[in-house]
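Below you'll find the structure, written out as structure tokens, and then a few comments.
To keep things simple, chains are lettered A, B and C as they appear, and every chain counts its residues starting from 1.
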């Protein structure tokens, strides 16, 4: 087994580049290293100008998502040895504007998350007298969809996100769905107005890659298809039962 | 040439390739699955032709049977069968679990939803075959 | 508060969904027999009289009409999305919808017309 491996890292210098390019770095191939460790080695020892995001290094903050050989992964959870003998291509997440090197602009994504009103919506404005009681079964209904760490690997994996920048995307829809399924929430109608749009759930063509790459098992594809079922049921209902004014 | 706007550098916005589905095997698999729809439409049209031939009489139906024996049509039918089997298998693995989750409102093994559908598929195939072959 | 009207996509999606089940359950055996086994001589063709008698039965005609209708709408929706996303015709969305769903409607009308009266 070789003791080094080549990383081909995508570089983009906004002050002088119009296009990204690849730069090769030879890093030690240690059995316990993740790709993130290799990137930190590059930054510490080889080229301090390499820019990339990372934080917890344990797969919970969602900062270190990058394309590794064309597949979006969390670099802190991706074993370097799996790519031996290499080389390994590391690039910024697909379908996002690139600020510099491996750092992408997340503003659009943040706006999409907010757009779906990801909080408990109640029909009345009164402050509750006590906390809402929730049974374990009621928690189980939405728990899976609450595990999202906003790493946006799903947006990088979803071709529709690339084809339509307005698509609100897997994580935002899964989050909206998490609140719809929450027994404390009464915002289904309000969120349907926002999400049952062309750039909402109806842009999704069930590629399924979002669920494949999700590091936390959120299964956003399931959330989106469930949402389509709900939206369809409400659509048929709206012809039989007229909707009252909000 | 500097990429600066007034306040900050301009981010690089990559353009998606027209052949994006060739970049990864998972995307190509998706494209193949979706293209089964062309073969669904194709055979639905063949069935329309078959009904028209049946209604027109034995001579016309003999022409239809001859058409089905053309090598080009045989190849298209074989492709159609392959793609529609791909559709059926991927459909039963993906779609029923959504309804199951909607009904049960909690996670459960996908097999609970998929297996009954495969069984119905097998049953429907046998029953339709028996009718077509004149057993009933 | 968003007052945007909800999309009307649910109706075509519903037809696509039901059509997917019909196409999956029933189309394979039809293709296997009429498209391959009979022409290739792998299974003996039941012949004109038997097949016509089968078609004549009202339940058969209802089954075929329902099957074809849902298959046409399933295929139309999926073809529209394939052309739009995979063959990069997203900008022609309205024309694609017109052609695909229009085609499905034409196919459905043909099927129902032909099957309404068989004797």
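One rule holds for everything that comes next: contacts are C-beta pairs under 8 Å (C-beta built on N, C-alpha and C of every residue); 3 or more make two chains touch, one makes a residue touch a chain.
All of these numbers come straight from a predicted model, not from anything done at the bench.
*Asks:* Central chain, going by Cα centroids?
*Replies:* Central chain is B.
*Asks:* Could you tell me which pair, A-B or A-C, is linked by more C-beta pairs in contact?
*Replies:* Higher contact count goes to A-B.
*Asks:* What whole-number Å value describes the gap between the mean CA coordinates of chain B and chain C?
*Replies:* Chain centres of chain B and chain C, defined by C-alpha means, are spaced 11 Å apart.
*Asks:* Take the average of all CA coordinates in chain A, do the same for chain C, and state the distance between these two points in whole angstrom.
*Replies:* Computed from C-alpha means, the inter-chain centre distance equals 36 Å.
*Asks:* How big is the gap, in whole Å, between where the Cα atoms of chain A centre and where those of chain B centre?
*Replies:* Comparing mean C-alpha positions, chain B is 29 Å from chain A.
*Asks:* At which residue positions does chain A touch at least two other chains?
*Replies:* 159, 163, 205
*Asks:* Listing for chain C: what residues touch at least two other chains?
*Replies:* 81
*Asks:* Two-or-more-chain contact residues of chain B, please, as numbers and ranges.
*Replies:* 21, 34, 95, in rising order.
*Asks:* If you look only at chain A, which of its residues touch chain C in the complex?
*Replies:* It is residues 159-160, 163-164, 190, 192-194, 196-198, 200, 202, 205, 228, 231-232, 234-236, 246 of chain A that touch chain C.
*Asks:* Which bits of chain A are touching chain B when the two form their complex?
*Replies:* Going by the criterion above, the answer is residues 12, 14-20, 70-71, 94-95, 97-100, 104-105, 137, 140-141, 144, 159, 162-163, 181, 205-209, 212, 222, 225-226, 229-230.
*Asks:* Enumerate the contact residues on chain C facing chain B in the complex.
*Replies:* 17, 20-21, 23-36, 38-40, 43, 45-46, 48, 50-52, 54-55, 60, 64, 68, 71-72, 74-79, 81-82, 86, 88, 103, 107, 110-111, 114-115, 118
*Asks:* Any idea which chain B residues touch chain C in the complex?
*Replies:* 18, 21, 31, 34-38, 40-41, 43-48, 50-52, 54-55, 58, 61-62, 65, 68-69, 73-74, 77-78, 80-81, 84-85, 87-88, 91-92, 95, 120-121, 124-125, 128-129, 131-134
*Asks:* Which of the residues in chain C come into contact with chain A in the complex?
*Replies:* 1-4, 6-11, 13-14, 81, 85, 90
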